[in-house]
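Listed below are the structures to be examined.
The same subunit A turns up in both complexes below, where it pairs with subunit B and then with subunit C.
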Partner chain A sequence: MSATTSAVGPSGSAPSAIRGMLDFYATVARAGVQEQFQYRAANYLYMVGMVVEPVIYLVVWSTVAAANGGELRGFTAGDFAAYYIVWTLVRNMNIVFTPFGWEHRIREGQLSGMLLRPVHPIHYDLAYFAGWKVVAITLWIPIAVVLSLVFRPTLSPTLPQVLAFLLAIWGAYVIRTMLLFVLGMVTLWTTRVTALFELYFTAELLLSGRLVPLDLLPTWAQRVADVLPFRWTFGFPIETLVADLSSAELVAGLGMQVLWSAIGWGLAMWIWRRGIRRYAAVGN
Partner chain B sequence: MDREPGIVRTYLRVGTLFELQYRVNFLLQLVQSLVALGTAVAVIALVFSYTDDLAGWSPYELLVIVGVHVLLGGVIRAFIQPSMQRLMEDIREGKLDHVLVKPADAQLLVSIQKFSIWQLVDVVVGAAVIAVAVVNLDQRLGLLDAGAFALTLILGAVTIYCFWLLITVGAFWIVRMEFVAELFNGLYQAGRWPVTIYPTWLQVSFTVLIPLAFAITVPAEALTGRLGGTMVLAALAFTAVIVALTRWAWRRGLRRYDGASA
Partner chain C sequence: MTDVVVEDLRRVFRVPVREAGLGAAVRSLYRREHREVRAVEGLSFRIAPGEVVGFLGPNGAGKTTTLKMLAGLLHPSDGSARVLGHEPWRRERDFLSRITLVMGNRNQLQWDLPVVDSFEMNRAIFRIPRPEFEAARDELVDLLEIGDLVTKPVRNLSLGERMKAEIVGALLHRPQVMFLDEPTIGLDVTMQKRIRTFLGEYNRRSGASVMLTSHYMADVLALCERVIVIHHGRILYDGALSGLADRVAASKTITVRLPDGRVELSGYGHVLARDGGRVTIEVPRTDASRVAARLLNEHEVSDLTIEDPPLEDVIERVFSDGDAAAAEAATAPVPPGPTG
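The block that comes next holds the complex of A and B.
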């Protein structure tokens, strides 16, 4: 980080480095907002397509609940509706720079330009996609209203739950950015990464709460999910709002998000230092 | 008209030879297909751990749908989507001229210009899943049912081809269409379940707006002994209408086309 310090403040002192970093984040995020707002029609269609996935899950699980006498492990049709509508926002928060994107950057040598900047590339992605989230959340609101009118969710969160939710969606965003950065960096060792990415995304789909609320998984699968980071990026943010979590559980969950963010950051920096020595580009 | 089969054969051969250069892709595709199938089966197992009948479908009957979904998905990604995506690009960049000047039907030429043969792995995997499911079904499969299945499956593939071309033709009017593939693949996931479980407005959408009902549910119904003769006729009529509509839209779209630099 010493390069960052020298680049952002003439004095190089710690507070000005932080201020410089905040400036950097604000500027890149603003650029993200402006750029993505231009593509609002494409963004919207993308989002409408994205809504199909939770609607399928919602219909399937509501059908199963109905066959089961209206309830499944405490989930009613209204609970499923609440789960999968909050899902749509959390899914949007889960959109980060993908490992496929990293594969492209590395294969095509775009990384060279990023290395010349005084700021680590992960900061750029974090800031840019955070800006994009502002556009995504704005566009998401009408979709959520329509879904709520159609599927009638049962949702009555308390104030602590709402506050925890607002923090948890950003925790999810940070953790997923770190993990997918680490995954993308594997491209520095081998360019045949598609199958690996595919396996990762499948495990994530099954064990994050995206496919189905984790409470519905068999017990052994829940134990596996407990030790993996996936649930903190998807199931937990949803549960903060739709499940009856106590304040202690909310704080504990947010603590787990901090823990996984730290682990993710450590892994990201470690694999970056190891991997970047292997990077070579021609031309550019 | 009798030149057309020869043209199709030649294009297929060239496309296959091109893809055969990349043999490792076969293994990657196999891994991806098996992972996707594993996920689908895990979900079915989870659903049926809570109930033994989903809107009237038993586990193996649902597996038939999964098989048809995988098989048809393979056909789409091997034969339909690659050409359509190339067509979208060519329309946007004004590169369609080289097709239009050739002395053969332009719709045929643009529809067979690119194949991804490794995607055929999904066709094999899907067929195997269907076979396993059918063997485990309670009722025996009659010859008539098998015939109805083959017929409705082919009609379904034609319907999806027409649907893709109809959307692609939209590129003559709206230039930016890259998101369409993503949108289609998202919607296609809905076909993994019988359309009858969806609320009515979605059932109508999955029949008319995106023809998942005729392409996937109807062939699966043939194999599970739920398909009446009326439905087969309906599938025939629907396919005829969409083929005619697509032909008409293609001609209209071509009239809007201006070359870039030819």
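The block that comes next holds the complex of A and C.
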């Protein structure tokens, strides 16, 4: 069809797919930054509240270490402090679109709006929350300084460790986005999915390194954690900075993150294709 | 060339049902019952480029379900549809980049951002080259006169302001097919008029085809030459708006203005209203010309108009005829089944 599209005709060519996608990511991430800075007070309170959790773990484990003669399976109080202060940043990197939000997304018609866009919704989630990370890291820095002054972490990472950490926190972010996208999509089949989500989060809490460093778990539990994705979203990024990992271990860990990202992507796309056929969009 | 081709399109929803009460709740634990809701039952129609089609029907007729299938939000249960040569539910990039769906009262802009930033996001989403985007944005903002609103966050806009911003956002990528689902719902009369004037102007300028649902007949009268009326998921009428009254309305109204307001006109038809010398009479449709001629011959008439009944009344008549047909079909004798 060659209908006149406008009084103002096309005056430029569409960008290439890659450039277009980069532009999309940059624009949506920028929107994420703008929106979240508008709610900086709420974000800060949220972050301060979130610090309570690792501080409790830190105090408990430091006390146990002290009662055990100053260390527990090689962890000193300074090591625990380093682990849980880095924890606070990794936890922030782990915040992605919650599966609990899918019901709202469907009920309020947001999913319909997303389906009308020529970009898969998972790209929107990845880009938007990546923008949020900029805000989170900015707000995290003073909290980390205060925690460091109070708890005196033992932390002396090498340059390869720092580089691996910078990659690993984004790897963790990508894996968790994929997994929670998959989990949230269960809502397309049934709306009452809270119990399933809680089950997932409990397994993640125990087997990711969030509740306790994985090195403190029994060996069999560590083996289980190795073959599940949770560790690569939480324990591994922390360990890249605080543990004494060799270069080979760092590369292997990053490789596992790539593998789980690919599995998560494949799973998300596979379930999406099936789930969206069931999407009723009634009244939305 | 046809923008929209729909053949025997159907959509059935399977919905759980349960009687009220604790017993029914317990029974539903081990035996869930469902019933099928046939929202769309075999629609077939075509829309040519540049055509503006009113898609009318009472609540629950299947209008929104049809629009959602044509916009790619829903998979049909059966039948086929092609929009700009694409199967909508595949949601290919080329398809989504050439259509839009605007739903009244549904926000698709970024709630917390200034309107202009939402537009910027749409630029990136639809990969609109910047010069083209800026030209489109400025033109649309100008047409809808929202220049002073674009720097405000979406959440601070009134419903009417937000609807105008929504429409601009939905048209930035210059869609060739527009699905508009109640675009003026909840707006005051002035805002409704502004939006329908804009939509008409946009259609003339762009040559885009438009499929519009609205419960406001003023929208339909102002924009649509053709209407498709559906009820219970089936088409009751598809044709010129002007032909709808011819087909279903049994009467016309004749309004005459006479110098002497006391003249008795009940012999010409059913007098609907009398306001001084202005008298409105309802007459059988086939008699309208003859009655008008008699009035002109027998009285000193200063003005005379013959009109179809209001569109609302015509549409209501179509729906009630549709209900009667459905009831008749439901009570028709069932043919004997196979034996043995």
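The rule is simple: the second predicted complex is superposed on the first by the 264 of 284 C-alpha atoms of A that agree within 3 Å, B and C clash if a C-alpha of one lies under 4 Å from a C-alpha of the other, contacts with A are read in each partner's own complex, and residues count from 1 in each chain.
Following the convention adopted for this analysis, a residue touches a chain if its C-beta (ideal position, glycine included) is under 8 Å from a C-beta of that chain, and two chains touch if they have at least 3 such contacts.
Since the model is a prediction, treat every value here as computed from it, not as a measurement.
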Message: On the A-aligned overlay, A:Ala280 touches which partner chain: subunit B = first, subunit C = second, or both, or neither?
response: second
Touched partner set for A:Leu115, first subunit B, second subunit C, both or neither: second
Message: Under the stated touch criterion, which partner chain does A:Leu199 make contact with: subunit B (first), subunit C (second), both, or neither?
response: first
Message: So in the superposed three-chain picture, is A:Asp23 touching just subunit B, just subunit C, both, or none of them (first/second/both/neither)?
response: second
Query: A:Leu211 contacts which: subunit B (first), subunit C (second), both, neither?
result: first
Query: Who wins on subunit A residues touched, subunit B or subunit C?
result: C
Query: In the superposed arrangement, which partner chain does A:Val162 touch: subunit B (first), subunit C (second), both, or neither?
result: neither
Query: So, A:Ile56: does it touch subunit B (first), subunit C (second), both, or neither?
result: first
Query: Is A:Val251 touching the first partner subunit B, the second partner subunit C, both, or neither of them?
result: neither
- request: Jot down the residues of subunit A that show up as touching in both complexes, subunit B in one and subunit C in the other.
  value: none
- request: Sort out for me which residues of subunit B touch subunit A in the complex.
  value: 24, 28, 31-32, 35-36, 38-39, 42-43, 46-47, 49-51, 53-55, 176, 179, 182-183, 186-187, 189-190, 192-193, 197-199, 202
- prompt: Residues of subunit A touching subunit B in their complex?
  reply: 42, 45-46, 48-50, 52-53, 55-56, 59-60, 63-64, 67-68, 72, 192, 194-195, 198-199, 202, 205-206, 211-212, 216-218
Residues of subunit A touching subunit C in the complex: 1, 3-8, 10-15, 20, 23-24, 26-28, 31, 34-35, 38-39, 109, 112-113, 115-119, 277, 279-282, 284
Footprint of subunit A on subunit C - complex, ascending: 1, 3, 13, 49-50, 68, 71-75, 84, 91, 93, 96-97, 100-101, 103, 106, 108, 110, 112-113, 117, 120-121, 123-132, 135-136, 139, 174, 176, 205-208
